[in-house]
Structure formats: structure tokens, C-alpha cells
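Note that the chains are named A, B and C in the order they appear, and that numbering of residues resets to 1 at the start of each chain.
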Amino acid sequence: MMGGYGDVKLLNDDGTRLDGRAIDEMRPVTAEVGVLPAADGSAMVTHGLNVAVAAVYGPVEAHPRKIQRQDRAVVDVRYNMAPFSTSDRIRPGYNRRSREISKVTAEALESVVLVERFPRAKISVEIEILAAEAGTRCVGITAASLALADAGIPMRDMIVGVASGKVEDIVVLDLDKAEDNYGQADLPVGILPTTGEIAFLQMDGDLSPEEYDTCMEYNFKAAKEIHEIMVDALKAKYDGGA
Amino acid sequence: MNGAAEGAEQRLVTPGEVIGTSLDKRAGIGVLSQGEGMIATRLGWVRENNDTISIDPINSRYTPRSGDLVIGIIEAVRNNLWFADVLGPFNGLLPMSLAPWKVEFGAARQFMDVGDVILARVQEVDESHSVVLTMKGVGLRKLKEGVMSSVPMNLVSKLKGENDENLRALSAASDCRVIVGENGRIWADGNSKGVDLVRKVINLVTKEGHKNTFQQSLSDMIGNTPGGDE
Amino acid sequence: MVELVPSLLRQELSNLADVDQRIDGRSRWQSRDVKLEVNCLYNGDGSAKVTWGDTIVYAGVKFEVRTPWPDRPNEGSLMCGAELRPIAGRKYEPGPPSPESIELGRVVDRGIRESGCIDLESLCIIPGEKVYGVMIDIHVLSDCGNIFDASALAAIAALRTTIVPASTFDIGDDHPLIVSKAPMMCSFTRVGGRYVLDANEQEELGGNERIHITLGDDGHLHSLQKGLKGVFTPAEFAEILDVAQQRCTELRDMVSAMEAN
């Protein structure tokens, strides 16, 4: 992540951002569960222009044997960006960035799924990004949590993915694509809404400890809003909704 | 308005939701005790009785329990052992000693091969969640005729009805033998018209089992068929 | 990717076929409901989503600018690929592209390419120097039977509503991609001993070989593929070709109706 390029202005004179948002305002989020008939659980989440679809299969016997754990289930995540998800096409195939995101997302989800209930088993989580506009790992985490809940996998909490950052020396909530490309810092997190614990954390750029605190404050605020949307999506299907 | 079963509250909760204090109740299925509070770990309906709070989950995978009647499909054969898919996290193991016939060592495949459908019972589930099946028991056998289908786990009891009344009515109306395994698989055998009715009912359960109009729709479907209770 | 076929399923499909019935109540040449959406992917130059029964497929079109092949200096290129990732179903395992996904991509590719619906010379920017490469990516999200027809429909629908992003490459103004025809694919599977149209997942599981036929606007054949183990007779082929002629016309009308909006 580079420092701001001098010729790209990311904040308007009145302090709003290029898309009109206030510095502590998040992009619109929608969520729907049970969208993939073949999966045990599934969800589609949009966050701004990001679109993520997640499917859960499991618990099943963990194969190959070498990944099996005798005392608990493993959560196996595949985060993948579709070739048409970005403005420049992504060649299908092994992608190091996706591999890393898959790993840390799995480790986050393993922190909330009650994995001890299913020794020697595997819970597969497939995350496909259909459209990317900054914040895909966060929307992926949100979609994965919903898909796990839809599948009936026991969890002590869901995880809400959200990011804040810094542009032109101002801390802002929920970076969009231009802000992510030309801004000064990016702090994506995965928050447990009930306990306030954090299961996912990455950061790059330049933040003072105070700026970090503001980022986190914004992240927690947004996580609360997103969590309500997640709960509504789960209940809408079954609670005598329309 | 919603699909909570008998005895469950009309309260739908999501994972992580706080549903009460643990001071006077025990945590049942789908509930975790955390400090002084009880939280739901599953999406489902809260069920509270005298001493326990639990959740009726909306969705779940079959969890084998000792004594369960299950319909399985043979997935692999070894010299003295069959592996069957019973829709649980792990395959069920059927040892030669618990097969319904006397089987010579190495001759397992002659009796049952990959793809065969069996009616079996769960003999035991050990601590590592290995499932042992038995076919020694009344009615347990290889299912050579008929059709097989399945419904989501949480709709098995809806399909069977209170005291199996739906099942009995369906059997009568379709003039078919109908068996519902605890693992959500269903087997039916009879004339093609009857099997057709069974398929329609399974479809109805899958699509509308969560609605409270379901029981009426089911009665209409079964009742209005020639041969049904008129 | 080996699936477990229950013995009872094969029997049932055979019994049903004997009395001209199918497992989900459809008639022999009846397709499941098909829903088509276009312009549904933000970063796609063209895009489509097909919901075919419970099968769900996305297709996205992306452009790149590159140098032409030396032996074809005035032509751009067209390439179609497909991914069958684990999200699509329990039977799909992670790993390098499977023969199944490669076959799917190539069969859809041939149908579009051989119809001549895209004039490759129209993709030329500067002869010998710069041409457009058009990439169609098929992404299967849910395989509940007949991913071939769903993928082919998504691919052609996406192409027909594609906008060439000329402005992105500083070449000119964006303009619609010229797709002069609408090749359509129709797939048949041998289930219970006879061919049926649009097999669902149960029929594919208990069925045998499949035949994919892509027809152009004039009813000409543009690509054929027989997949999986099995054999068929010329008479059987003639019968399904007849059905394909009608069905492809219906699919073509669906895409036209979509474009009219």
C-alpha cells in the first residue's frame, strides 16, 4: 500500500468522500441465505459493489488423512476471485493472495465454530467473489459466517468482516476501491458481535496508535450494523416473513 | 406465522444470540453456557422446559445415535467389512459378524456390493464418532426393490407426524410400504401410482414443511387420493 | 470425483422410462424452468446469470488488448473457459482444472466459435499490432444437472449484451460487441435406457452417456459432443436432433426477448 499519490484527490472540500459518504459511513450491505440448493448452507452478501457467495459442506470425514485431527474438526476454506470479478481479468489458477486469505479466514472461523464437536471431520467453506471493489476478504468472512449458520454448524458467535483505513491523513470507515488503491492504510477485521472479540486481523500502511484506535472504533460501529443485517437475513427465511 | 414445532417458543434465534441466564437452567442442544449467560449456537427455535433451554435447529446434519433405524448405501467393501453412507459425518461400518447372513471371509462382495441400499440399525457410536451398524434385527435387510428419497433432517418429524400418524395415512393412501430412516432417507415400495403419491408428499415436505399450513396441505394431498381415508 | 450411485435409483429410472415417465414428473422432452439475467456483474464487460432448475451458472466477458498471432495479423481472439470449483457441489474437489471443467469450457467454446457469431476481424484495432482478445469465463455455482446447457446459454447471453470497453484502452468510445448470431446448445442424457432432454442431478447420477448439440440460427450444426461411457444409434441421434431444433429456437427467443429490454 503506497502513501497517497499527489494527484488523486480522495476527499471533497466539504469533508465527504468521492462517493458522497461521510468519513464514518459504510457502504450499503445486503444479505440473503439459502441461495445455493446443492450446499448444506449458503449465503450471498453484497457490500458496496462487492458480491460474495459462500457455500458450506459438512461436517464430513476429513480427507486426505494428513489434514485430519483426532480431537476436532478442521475448517477448510477456499477464498477465490472469479476471473470477471475485477476490472483486469484474473487468470484462473493458483493465486498466492487468495491462498493467504483462505488460511487466515479459516483460522478466524475455527475460533468460533465449535470444532470439538466433530473430531476427525472437516467443514468446507467455499467463498467465491463475483465482483470486487475493495474489502473482498471482509465480505467473504461475512458471507462465510452466514453460510455456516444456514448450514446449522454450531458456533459461539458469527463473525462480521469490516475494514477501515486512512486517506489524506483522515481515518475513514469502509474503504472503497480508489481509497484502497491510493490511501495510506487499510485495517480489515473480523469481529464477534456478541462478545466484541476479534478473530481476524490484518493491516497494512501507516497508522499511529491513535489512528488505529479510531479505525477500530469505526469498525466496531459498522460491525453492529452489519450484524443486524445478517440476523435479519437468517430470520427472514423462516420467521413467517413475506 | 412460523414453523416452530410443538412445545417450542415462537422465538427464532441466531448463533451468538444471548437467550437467558444460566442461573437456573441447563444448556441443552444448541445452547452454550458462557459465564452467567446462555447463548444460542444454532439458528433455530428456543425450547424451554423445567430445567433446560435448548434450540430446535432449522438445519442440521444427521447425528447417528445408538438404536437409530437408518437407510444406508454401501460405499465400499473390504474382506470382512462394508462401509455405508448414512448421511452422517462419517460412514457407518458394518462388520461381517453383524450382517444378516453367514458370510465367509473374503466373500463379502457376493452378498452386498457398492451401491446396494440397506435398512440397518446403529449398533453403537464410540467416542471418536465411529459408527457401527447392524443388520441383525427384525426387518433389517438389503432393500432390493422400491424407491429411495430423502428430506432435510429437521423435517423428518414433520413428515412422520405426531405418533407417526402422517406415515400411517400415507401408507394407507398409497398402498405402499413406507419406511422413514432417522437419517432423513425414505424408502417406499408398491405400485407406481402409490409411489408417485409418496414422491409428491416428499416434495411437499421439502418445499413447505416449515410452514404452518403444511399439515393441512398434507391432509388434502393424502385424503383426496382414491384409496385414502374417505 | 466418483459418485455413489444407489442401485435403487438405476432401477427406478429404468422402470419410469418403461412407462414414459421421469423422476420429477416432467415429460421426455420437457426442460426445467430457466431464468436468465444479464448485466449482473459489475466488472464484466458482458455478464449473465442462468438459473436452470436448481443449477446456477454465471458467465462473465472480459476484454484484453494484445498483439495478434503472427499468422493472423488482422484477427482478434475469442476464448472460453469454465471452472467447476468445489462450491458447485459435493463431488467437486479442489485442485487443478479437472477434465470435466476443461471439457465444459471447450464444448461451449466450439459452439460459439464455429457458428461464426463473432467476426474475429471486427476485433482488430491496428492490423499486425493491436487486437482485442475476448475472454468468456463460466463459473458454476451450483450443479444440479445439465451445467452444459446452462453454461452455453449464459455464455451467449453475456456475449450478446457485451459492451466493448474501448474507452478503457483509449481506443475510442465504448460500443456494443457485434454478435451476429445466437448459437444455442441442447443436451440429452440416456436415462433408464432412452434419451431425455435436460437431465436433473438424479437423472445424471443414475443415467449414462450424454450428447450436446449446438445449433445456429439457421438450424445448422456447429458443434457436437458425446460424453461419458455409452453408445447410441443414428436413429436415436436423428430423434434428439429434431427436438434440439425446436428447443434451440425457444432458447434463442428467450435471449432475443432479453435483449429487447
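Convention: a contact is a pair of C-beta atoms (placed from the backbone, for glycine too) under 8 Å apart; a residue touches a chain by one contact, two chains touch by 3 or more.
Computed from a predicted model, the values in this text were never measured in an experiment.
Visitor: If you average the CA coordinates per chain, which chain's centre is most distant from that of chain C?
Guide: Result for the farthest chain: B.
Visitor: So which one's got more C-beta contacts, B-C or A-C?
Guide: Comparing B-C with A-C, the pair joined by more C-beta contacts is A-C.
Visitor: Using mean CA coordinates as chain centres, what's the chain B-chain C distance in Å?
Guide: Taking the average C-alpha coordinate of chain B and of chain C, the gap between them is 37 Å.
Visitor: Return the distance between the CA-based centres of chain A and chain C, expressed in whole Å.
Guide: Each chain reduced to its C-alpha mean, chain A and chain C end up 32 Å apart.
Visitor: Hey, which residues of chain B end up touching chain C in the complex?
Guide: Touching chain C: residues 73, 75, 85, 114-117, 143-148, 187, 192, 199 of chain B.
Visitor: Mind listing the chain A positions that touch chain B in their complex?
Guide: 40-41, 58-61, 70, 112, 114, 118-121, 148-152, 154-158, 192-195, 230-231, 234-235, 238-240
Visitor: Can you list the chain A residues touching chain C in their complex?
Guide: The contact residues of chain A facing chain C are 36-39, 49, 51, 53, 55, 57, 78, 80, 82-87, 89, 92, 124, 126, 128, 130-133.
Visitor: Over in the complex, which chain C residues touch chain A? Could you list them?
Guide: 41-44, 47, 54, 56, 58, 60-62, 64, 81, 83, 85-90, 94, 97, 135, 137, 139, 141-144, 168, 201
Visitor: So in the complex, which bits of chain B are touching chain A?
Guide: These residues of chain B touch chain A: 1-3, 12, 14-18, 30, 32, 34, 39, 41-44, 57-61, 89-91, 128-129, 210.
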